[in-house]
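First up is the structure itself, then whatever we jot down about it.
Labels run A, B and C following the written order; every chain starts at residue 1.
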């Protein structure tokens, strides 16, 4: 089989009846329950395909068909990896076997890897296909979507994770290994009294980001507990270990200093600094369901709370709370400067603006006047880099 | 020996001179010092008996007596587990040996387990009795009391732990293993230069909750460092990894979202939400020694500080501090609504109430007015579920 | 060789041409890159010499010279440990070999240890000399300086660490072991699909304090992630696991309760209490480059922010921010009392002082008036223990 033959074959498959173009696909290694081996506790991917590599998708689907499996018409499908599947796939991949090393042809590398395993070992692998971005139905598909977010292949907030909490089992994590709580209970006496009780780091449905993701060379995460799987950290982001936390479906779009909390659905632009203990609220905590974006080059002071979206170059002073209902005084002069920095803002001057009326504006500086206790908003003295595509 | 014989025997023991009804008892596995093997560093229980299972207590006391030991007249006693003790106990437990599996007859399961060990292995086990709730005198009794709290067998604040800090040694924890600091010092050169220096996770007198306790299936602890042994977490509680912490003798009475700090002696009612970085003060930090209870369905905003007890359905806005001396304005109208929600509150209207005057009331909403800086209290718009037993 | 011969020899070396008195020296075990074994990832010291033990320095330099190496004229030097070096050193140390145990003659103990290793094992050791406190140029010298700070041999802020971030590689830490990110990337498929992917605790340039330092018996660190290598903790300090963090070149000068953040360059005096979530700002975050010292017996309330230096006996109320530009009202009466507690303070009465004007004063109590929102400063009711050397 030549490479030309391979491309011809792929075209044949893709125009065949059974082929379905996937949103995403990948091969997972699964962790099974210690008590109930049919319960899937975790799915680990060495890499995933997200709206890409449709040639490999075609080959995998043909190999599944040849192994006697039917391509599902559901939104997702999880298939066992059989000897027949591997034999069929590796035969079709033969033109690429030699050059499938390093960064090249990762799907072929995976097939090569599988071809060396015996039946018993293969039983812990799965071929996973997502055909639509529907609510995930399996542990394998939830993990595939979390990988899409955490590898940056899918933008934050772009993936349907509805019901993921119901799909994932709550487990005890000992390092990278998930353990059924029921198994611990059943074996508690023996494990404890023989000194073999495992070290439990976490009890949660989600694993930690660093269990599955290798960050960029200039990204730093000073405590693995601080970033949940499904978060997205742009290169150059630093996460300090004090009061920080980045939940799944939340994160950064460029180098950001994170010493505070980025709640699920919140996104922070490049060059911003989330001070120690600063809180960016999530959709479930006081933002009326609006996910919060923080622009570029913003500074959220230590122990501040931000409950509205901010544009670029904003400052929230240390220790204050900027919420939708908070009332901010503004002078006529600063109002003018704020309009200059936000040419598209349609507003007339008034003495007091509520937080929600200031949502998303550039160049704001929020402060509590220490002589009167009044909350005020000024034009910040930070450089505002306007988004060139919009202005 | 039949089951009937067993019950007759228990009755005989319980009416004998040497029998003392215990408050609690259990068999512990101990960890010894690496340098000083006579120093007890930790006591691990597979389960404990707390005001229960007095039949087993009787059997254990008779087995101790037959092994030549005298039942102490002190508030607590720690006995070595000898071959004679085990042989005597297993003989008396013979009617139950077969059915002692799973959740049934845990004390008999323990005796069965011990019966398989040799002398050297038995040397690391202890029979521990508490006869009164006095200040604990041994590592074994401190741990027994911490287990009572963390398993929920004893209510929070109900157990005498006076002097526990003096009894427990400060050790380096490597996973579940306590290590003497002096042993590390003496072996530092060899350990470090051969690459065998242990991974130290914690240096503390207390272990972590998850080293000893298996939480309920719907309880989640996203970082083991966040909950100290001796805390109590009701089923359904979630502890996030940002700025949270739950100290010993503190915790939750129902499903609670914990993203802040629950200091020692503080208790939070079901349905409440402790926001990111929120602090509930403990008896040693600004509460005049009054332990703080937070009622049900309360919301403590991000980075708020609460230094007074709260009733049900209260709201503390993000970023503010509600302390005993904080002065809160209230309107006559809201005062009326607050009285309605608290029919037993004996107070006449005045414009300003101090925090300590509002302690324990239901349905309060604490806020700083963003236009004046004044602290104010309103009737919250949260549903207040009054405690039916009191009202 | 007798001890007298030894001292004569040391004198000869020290007056020789090649001898250079070091600022510091020590022997390190190095960790190499998994992918690039020439890349040094970490240097571990069992102990270090800092402005001390010049006799051993002389012996090491002579042994290096005899092994064919030249003593550097640079600010620092890192030498391989060869068989010739070890043989030469152990010969010169012979009068001390027997008594070099426990706390005695640690440099000789190290030579004894090295003398038992083979060539391949010796390849992972280095002799490190600092001759001046210049910007560090090697991983080994950065670590030597971090050890000087963390062991308390050098005072905080006294060591030149300029450029350390550029010298240290960013690595994934699995326990005490640093792992190259590139090596993880290259082996991701094999590691993950065989269940051998390492547990990654941290991705950072710096290790954790507890990977290298054994704290005092009465020091407690409830979570290893909370203290970075290069921090300094005086005996009796307790670091809680909630929202605390102590960065490198920051720490405590006596027993301190730490539940908040001590940023790089910040120092806290004995008897002070850094409340839950309290932030002490660092030179890079709002202090105009002035490092912050907190005096003795201060209390920084929960979720407070301190951006100015404080003297002894100060109180910052929970939840407030004391920054350089914050304006504080003071009464004439309190102004008088504050002058009494600060006899050297040259100031005349005015109604409002900015934070920066109050920097370093003793006995201040910072508060926000809950009835007006005004920030105020009072004479605190805490006992101020004046520094006897200054007053």
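Note that a residue touches a chain if its C-beta (ideal position, glycine included) is under 8 Å from a C-beta of that chain, and two chains touch if they have at least 3 such contacts.
It should be emphasised that the depicted structure is a prediction, and the values quoted were computed from it without experimental measurement.
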The angle in degrees, nearest 5, through which subunit A must rotate for its Cα atoms to match subunit B is 120
At the place where copies subunit A and subunit C touch, is the share of residue numbers found on both sides over half (same) or under half (different)?
-> different
Rounded Å distance, subunit A centre to subunit C centre (Cα mean) | 35
Using the touch rule from the top of the page, what residues of subunit B touch 2 or more other chains?
-> 225, 242-243, 277, 303, 319-320, 368-369, 372-374
Interfacial residue positions of subunit C with respect to subunit B in the complex | 29, 44-47, 102, 106, 109-110, 113, 125, 175-176, 210-211, 214-215, 217-225, 240-243, 259, 273, 275-277, 301-303, 317-320, 368-374
Subunit B residues touching subunit C in their complex are 170, 172, 181-182, 184-186, 188-190, 192-193, 195, 197, 199-205, 225-226, 228, 242-245, 261, 263, 277, 279, 281, 285-286, 303-305, 307, 319-321, 323, 326-329, 352, 368-369, 372-375
